[in-house]
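Presented sequentially are two complexes of chain A, the first with chain B as partner and the second with chain C.
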Partner chain A sequence: MNINMNTKKTPSSGIIKKQRLLGAAFAAPAALLVLFATIIPVAWNIVLSFSNWSIIGENSFAGLTHYMEVFANKAALKTVWQSITISLVASVTAMILGTCLAIMIYRVSRLEGAFFRFLFYGPGMLPMTVVGLLFTFVLATDEGLVNNFLKLVGLANLTSPWLAEKGTVLIVIGLVQGWRSSGTIMMLIYTAILGIPESLRESAHLDGASFITQVRRIILPLIRSTIQMAFSFMVMWAFKTYDIVWSMTGGGPGDLSKTTPILIVEQAFKFNKFGYASALSLVYAALIIFVIIIIRKGLGGETYEY
Partner chain B sequence: MSIKMKRFFARNPLHIWVFRLVLVVLALVYICPILFAIITSLKTEREFYSNIWALPQNIRLENYISAFKVGKIGEYFGNSVIIAIGSIIPIEICAVLLAYAIARLKLPKTELILIFCFAIQLLPTETIIIPLYITMSKLSILSVPYMPMILAYAGWSIPGTAIIMKNYFDTVPSELLEAARIDGAGEVTTLFRVMLPLMKGVLATCIVMNFTFVWGEMMWARTATIVTTKGIPLTVGLMNFKSDLGTQWPLLCAAICLVIIPLYLLFLFLQKYFVASLTAGGVKG
Partner chain C sequence: MKKRMKQLVSILIASALIFSLTACGSKSESTGVAQDNGNAKTAEDTKSGGGENTKKQDLVMIITQATDFDKTLEEKINEEFGEKYNIIFKTWEEQSVEQTVKTAATAGEQIDLVKFWPMQMESFVSANLATDLTGYMDDEWKDRFTDTNILEMGTYDGKLYNIPYDNVYPAIIANSAILAEAGVTLPESGAWTWAEFEEACRTIEEKTDAFGAAIQKEQACWLVRNLFLQTWGNEEDMNAFIQGKVSFKDPKIVDGLEMIKKDFDDGMFYPGEGGLAVTQDQLYAAFSQGKYAFMFVPSSNVVGALDKTGITDYTIMDYPSMGTSENPPLLGGCNGWFIPKNAGNIEGAVEVMKFLQSEELSNYKLSAGKLVVTKAGANSKIDMTLLEALTRNANSIQPKEIMGLDAELNEYIMNLMPANYFNNGKSALDELDALREAALSR
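So, the complex of A and B:
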């Protein structure tokens, strides 16, 4: 201890001050950009949601009217419901597919694993818009891959105008989004499985546990915290429903797949109802944060040290 | 059964074969949409409508050429490249400086700054774009091509990128920096001469992460280019192209492939960094 104290001279306050100044200078450009692009807009968004603001410059205090409008407006609540449906389908699809893929890839040989990882993770790096456009083509009523495939295998009665039907449109969009994200989830979970010490599985194997038992009793409990983290990321991504919905249906048919982000942009930039749109966006943000907290609490529990 | 066979089956029990089968089937499902688009993009419209399953009679790139020229996909592509480069350079510079300041230069309240950086990433973009649009229109930034996207993407991406870099700086042994300091190097020299060469991997990871976000973002890009025809990025351009086209699928497929193929090539070469970017941060995007 003593030696340490002697060699590490405490720097004089002058040097600390100089370092701090330099530190502030280093942080300044980042701080300015973040202030301009994030902090000021968010603060202003809160102010906007309480005021009547129009592009001409009229400005008056509106109190809670915009919020009341959000909760009284059936159309707005419907978009929230539709966003939740899409995100739910997408999250569940991605989590189940991703986890199963990760476990299967872990079990096959290393070379095969690398090949399949590349293949399954691929869609995850494509922009949502491109994925959406690709699937408008795949799901097209007459020329689409899915309907033509169904006809080919003799299930013509199952063909459907997937993106133009009330019952299917939300679920199909959710499935596409889940498909796109499943590779990402797979990668997160696969990395976690690799972190489990081989000795644990080895000893289970020697005790005669089948692979399914190993998965249920060893792998899944040990990667619980990763699954929880991946799930909350996934929900956060899934609620960003603008790109995928806009590129697949544009909110249609009618308003049947219109999600809250689309409504926000439309209200603000088409109808100039900035205050209302701001209030709606804050309600939506609160909903997302609420859902994530529930997931964190609900899936929480003991984590194992290993 | 010969001993060799027995050994083979002991190493490859039944469930592995089931897994292989399932993986191959799923792989087909995953790759089919993309293959279908590539094949369609090489056909003429008449070929496509006469038999959607048939392979193209001969490889023709007409669709690509007309998507590139008539559909202006080439122009949009260029715009996206400019926006990506224009935002990634300031993002990395600002994030490196900020991370270094947090990690090494006794800034006060670093804990608070870090928590703040995390919190910012949780905010949905929807809560930001309306006031940002108003601000930029008042400051007449909106009419400057590329600028609205560059400023917004930089501001949104810096906090997350800085967190990743700061975590990396924490792992660099401080003896190394002490040595540089004793040799008389100032902080700026230390950062650029000692740190930067060490952090190539992290930097690549961050660039890939930021690139995937910037390249794919559409909500803000569409909002910010609502009133102009200049500087429209690829995501928005593709949507415009689609609404002009109606159902000329071969042409649209060519446009889609023009986006997908370069990305897959990039992915093939930089796979390591794509995966690392996922586990490093991956909050925004």
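So, the complex of A and C:
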């Protein structure tokens, strides 16, 4: 049986080819940027993690030595634990605060909402180092605002060296970072809430549902996928924390608040252990990816169409 | 036609983006030249008025901070070398200077002169990141030093990598008004023992509203470093420890650390809780408000601290002895400069160092309370009583410490002690011992 295949080019195939070329031309700058700013550094990082290299000198193959060192080094694992604590506190704080603020702004009038959006988004516009320095003054043991306020209201027994005590330093840094990020989370959640048709709320209102019930039964379920995305972003930002910890405590006292990013920079640029630092950074990146996968699986997130 | 125009515009935009990316790459390449052999990178500089293009070498230095004293130094350097070099000052920061220099070295960026401590050059020397200055130290330059033995501090394996310029060791400023109120008198000569110092602090706390002492967080390691030098009671044991032959779990070390821990637990150090997290601003502010009696401060900062706190009724006292010796060794050393391997203008950096150690500049620094190691001449405006108080223990300085064994050991003692011992107990000593053994095995 003969099948007559028509191999003649149609006029539209030329157009598609041109469109593809045009698309490639548009994508090229971005692709180059990604190649040089992400793919090559990551590849180089992987190569370094299997090497012994100290800025100047020969680069020799180290096998899995650096990875084994990472898991055998208690100090490194301690910083991972401290990073997890800070990021957990920061993420939960930012999500709860951001979501509550978004819902409250949605509740008020558009004019008031605009004012409060600007007000609450303010901290997000400040550099992390500025926020960190600001809070070192606020949380100072002797002349800090928090301790003096507690003394003023008769709660002197609650005063504490917030940034110098084992039990508080990680939580306080997490809270500050969470507060600073809450504005961004608020904007993401608020935008998602605006996408919910007003008719859904109106009909719930007519059925006698209070605003709290509407939030619980309508708003939160419908923005679940946005919450999941915001939470993933927040965890990623919080895990990468370097600047706020550095400006608030420098990782101290001792190594009480030293996070893995600080340790990575220290190992590379203080002790010239670039191979070890690269291995640690890759293990840490894998941990972040693992945590984000758990969050995405855990929160689920159905997409509603309305 | 309209479609073609769209395509043309699209291609133009894409080309512009590619060119901008390429331009970014080529710019960083052109500014990142640094050569080991000292061939300098040049910068285009147009003379004002003449319109003639001349080429000035860049001279990039990380030797000054944002203080009035350092700003004056910058002005003097600019006056002297501004015509010859394109001078760039980057702010020196204690916590980040090492990372800044090494990051620049990795990126191939030019840095010509850096302030760093001669005794802590191990991490630069072992990574081949410091320039050997032995050949530049000619007789004329050597002659400027009051004692050329000081150059030993910056010498590693017979090569000079760091040029010392100021002596620095722990000083203590006592607020005389608080001492008088508490009825505490300082010894007429010599130093208190640590036990006597603790007793004085307790008396002050009982009889006044002030705390006994305060120490800036960056200097808290002094308590441990002096313990490591003074606890042995004889030179032989001290040297064995410095060479790494003695464990950090030696009973003398553990007892000494427990003693310091108890002082902090008892609230002897301002502000009671959190005594290891005091910043310089907090230290100065509390001293000026009379919140504590004894301020631990580097000898090179005494004049600046007195200026900033405004305290005029004071006494410079000797550091209390933490051992049994009557004339205990004292931690200390020098500030110094070194030229990183990524320097592009070694000659210029050497000229600046020589200029800063000239008689005129030494004189100026001495008048600001800096204990220069070079000859300063007789015209100094320095307060001789203060100078005498600051220099009377200079001979007790022990230039070698156990920290010199290894960069990580140095980092642990300098930045993590005594806080890690207070928080983690003996596991901190295990970590120190592991670093000591690793250093010895290398």
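We take it that the second predicted complex is superposed on the first by the 266 of 306 C-alpha atoms of A that agree within 3 Å, B and C clash if a C-alpha of one lies under 4 Å from a C-alpha of the other, contacts with A are read in each partner's own complex, and residues count from 1 in each chain.
Quick note on the criterion: contacts are C-beta pairs under 8 Å (C-beta built on N, C-alpha and C of every residue); 3 or more make two chains touch, one makes a residue touch a chain.
Just so we're clear, the structure is a prediction, and the values are computed from it rather than from any experiment.
Once the two structures are superposed, chain B and chain C can be ranked by residues of chain A touched, with B on top.
In the superposed pair of complexes, A:272 makes contact with chain C only, with no contact to chain B.
When both complexes are overlaid on chain A, the residue A:240 reaches chain B alone and has no touch with chain C.
Residue contacts after overlaying the shared chain place A:120 against chain B, while chain C stays out of touching range. Once the two complexes are laid over each other on the shared chain, residue contacts for A:22 go to chain B and to chain C alike. Legend: residue contacts after superposition of the two complexes on their common chain; A:253 is shown touching chain C, with no touch to chain B. Applying the stated contact rule after C-alpha superposition, one finds that A:165 touches chain C and leaves chain B untouched. When the shared chain is aligned, chain B comes close enough to touch A:261, but chain C does not.
Applying the stated contact rule after C-alpha superposition, one finds that A:289 touches chain B and leaves chain C untouched. Of the two partner chains placed around the shared chain by superposition, chain B and chain C are both touched by A:33. Residues 22, 26, 29, 33, 36, 55, 136, 140, 143, 265, 268-269 of chain A lie at the contact with chain B in one complex and at the contact with chain C in the other. Every residue of chain C that touches chain A in the complex is listed here, in rising order: 7, 10-11, 14, 17-18, 21, 25, 95, 98-99, 102-103, 105-106, 123, 126-129, 217, 270-277, 279, 282, 285-286, 291, 341, 407-408, 411, 415-417, 419-420, 422-424, 428, 431.
For chain A in complex with chain C, the residues that touch the partner chain are 18, 22, 25-26, 28-29, 32-33, 36, 54-57, 74-75, 136, 140-143, 160-161, 163-166, 249-250, 252-256, 265-266, 268-272. Those residues of chain A lying in contact with chain B across their complex are 16, 19-20, 22-24, 26-27, 29-31, 33-42, 44-45, 48, 55, 101, 104-105, 107-108, 112, 116, 118-123, 125-130, 133-138, 140, 143, 145, 148, 152, 179, 184, 187-188, 191, 211-212, 233, 236-237, 239-240, 242-243, 246-247, 260-261, 264-265, 268-269, 274, 277-278, 281-282, 284-285, 288-289, 292. On the side of chain B, the complex with chain A involves touching residues 13, 15-16, 19-20, 22-23, 26-27, 30-34, 36-37, 40, 48-49, 52-53, 90, 93-95, 97-98, 100-102, 105-108, 120, 122-135, 151-152, 154-156, 158-159, 162, 187, 212, 215-219, 222-223, 226, 235, 238-239, 242, 247, 249, 252-253, 256, 259-260, 263-264, 267-268, 271, 274-275, 278-279, 282-283, 285.
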